[in-house]
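Structure below; questions to follow.
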């Protein structure tokens, strides 16, 4: 039964009408809610003990969770493996850094500029990448990101291999209140809020007919045009959406670290995002978030013992690919549903 | 006129020969990749790490007193069982699922990560430089060429020809091509498809290892040595046509010449973006590459 | 009309039955092989027109040409008099032409109801794609109605891949109907069905005509002869005859090419 269950059915409570939709939260959303409570609890403990280091580490994990979510939109919902999503993450980071350093120390301006840049680059990249399918899509996204990364790496105006440093810390205004990115707790809460917003918005979109058409493309792309959909436009739309999400996540990076470097665009970053999605749970959106936190924690713990954490991460990743097709979240949900619906007959 | 001849002799020709020795090496890497893709539909992301593994194995064995010529035989032989097991334990596990293209890519990606870190664990992160097994140089047409590079070009071309002969002129190769064309039909004709798959993967891995032995004396040895090299090999495989042996040879020699000669006119740091740009362009315009696929040509 | 004249003169639509789908001189070749060569006929509105012919006659290729899966190298396709030649499948669907497939072509990993809901989504305004599924009332109602009509209500939440072959064939037709097309192309709808199911499906197709113009590829000659208003016979990429079922059955050329005697 867990093998036969598709990605969609995890977040889709069958065909609930509007009424039952209100009364029933999909199990995957419960998981997200539990996660949110845990994150707030973590923040409270870290704040009470005055532990800024772990708050910043958790913030970074959430930022990379945004990148992983964008990979999940493509891989989990549409069946497109992007090996170059770091291109848009890095682009957002560089644009944000340049705006904050050279234009104005405004959070909203930096985010808007990153969004615009991500959307436009995503449009160009999407038109190029969507000319091909399957492994060729993976390779072309990989190639595109390599061209961009090497170009940034060689461009002196962008700091070349050193990247850009000295990005100022800023105040983020929400009407009358404002918070400081230099304060670990405030910035963690801000990024957490943005992550939850992104999760909610993207989950909504993926459950709306738009996202379900993507699921149809994933399931059987050849049939989709005969049902009146232009599959190419849908794939382009989700590609641009994913690029925007990645760029917005990237835009937060210089606010946290005060610098950006070409490594943010390299294949390691793209590859890590894919690993995060697979380990966390592909096609769930909450999986990438949990996967990012788990892997960050793991790297930090294992990293304190040995520098060879890649072996550990690699083994977990490969085990997930082979045994946990829906990752951590899939395993958790399967356990929950076995307990909750023990009497239900499996299809 | 004399200036032109000087330019050809002292600038262009040495660069082209450098490109050729790199080209032969890249083709050896690309051959393994393209044969594995042509038959199994697997993008072997761990290929670069198998190449590094070959180089390190050579280093270790040389330290134990094994001579260079023996290494050329011994290292590929040692790589064969490693490739065989990787196919049986990893690739075969997900081979029949619907997303196998993506799953096998992910599995080999993870494998490459682990192998790279294992090499770091065993040998440390530092660069090691093996001795040059063939010292000295030869003067040809007024150019001084290191003997090892000449050996590399000659041996590499012979090896490429040998691979060609095995795939296109032997019963073993016929089995591989039949399985690449239609595995069910091949299976019904008595081809042991599972063993052919594992054997082909092992063969590709052995080729990668052999490339490692051959290139170690030129490019030195370090755990991440496969990374940059594999990118070039991927580009070659894509431009030549994934799964095409002729394509890998032609594209490999062509692209390395582009890289070598372009570095005379533009800063060498831009040769990578140039090569990747070519890869993206080919994928956009002609995703099947220059040549057809193994078994389908 | 004599059999000979059938081959040369196109059928003119009878009064009250305007031509819904017109095919004129349609051709395509694959690397020198003329898969469909100069085929022309008209499908009268509200009637059932069948295309028959031996294997390899080019029937499925003809469907692919009409439905936009393949671009023709020559000829024209008209829908209610409008030239739609070479349009993409999604634009053809918007123009009112839908099709089913000979080899079941569903979203196997999605529930049955979701297969139908997706297919019916084009009935909704474009911006409904961004609103909750519950707001797509027309699409949901259409999906429910089709479940009922095709006897799949009990299987609504089952994955399409878990249905029996007969159920999948029914769903295949239902999915093609979900967009409320005016012209429906059915490619061997009874392929692999049991005898009883074939008869049921025949009755169902009969009930579709009237509101809908049906173009049918079918191997079951008995079914074709009993269902069709008009039959087009193809062999080796060409049309060799057309006419009402009784006339076609009597045609010597058809017998030679198709029924294997005469």
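As written, the chain order gives the labels A, B and C, with residue 1 at the start of each chain.
Note that a residue touches a chain if its C-beta (ideal position, glycine included) is under 8 Å from a C-beta of that chain, and two chains touch if they have at least 3 such contacts.
Which chain is which protein? Per UniProt: A, B = Branched-chain amino acid ABC transporter permease; C = ABC transporter ATP-binding protein.
Since we're looking at a predicted model, the values are computed, not measured.
Student: Of the other chains, whose C-alpha centre is the longest way from the centre of chain C?
Tutor: Of all chains, B has its centre farthest from that of chain C.
Student: Can you figure out the chain closest to the middle, judged by Cα centres?
Tutor: A
Student: Between chain A and chain C, tell me the centre distance in angstrom, where each centre is the average of that chain's C-alpha atoms.
Tutor: Whole-Å distance between the two chain centres: 43.
Student: Hey, how far is the Cα centre of chain B from the one of chain C, in Å?
Tutor: 51
Student: If you average the Cα atoms of chain A and of chain B to get two centres, how far apart are those centres in Å?
Tutor: Chain centres of chain A and chain B, defined by C-alpha means, are spaced 34 Å apart.
Student: Any idea which chain B residues touch chain A in the complex?
Tutor: Interface residues on chain B, with respect to chain A: 41, 43, 90, 93-94, 99, 101-103, 105-107, 109-111, 113-114, 116-118, 120-121, 231, 234-235, 238, 242, 267, 269-270, 272-273, 276-277, 279-280, 283-284, 287.
Student: List the residues on chain A that touch chain B in their complex, please.
Tutor: 75, 79, 81, 128, 131-132, 134-136, 138-140, 143-144, 146-147, 150-151, 153-154, 271, 274-275, 278, 308, 310-311, 313-315, 317-318, 321-322
Student: Tell me, which parts of chain A touch chain C in their complex?
Tutor: Against chain C, chain A makes touches at 4, 6, 8-9, 12, 14-18, 21, 204-205, 207-210, 212-213, 215-216, 219-220, 222-223, 225-231, 347.
Student: Which residues of chain C touch chain A once you look at their complex with the stated criterion?
Tutor: Chain C reaches chain A through residues 67-69, 88-90, 93-94, 98-99, 101, 105-111, 113-114, 117-119, 121-122, 124, 128-136, 139-140, 156-159, 161-162, 175-176, 178-179.
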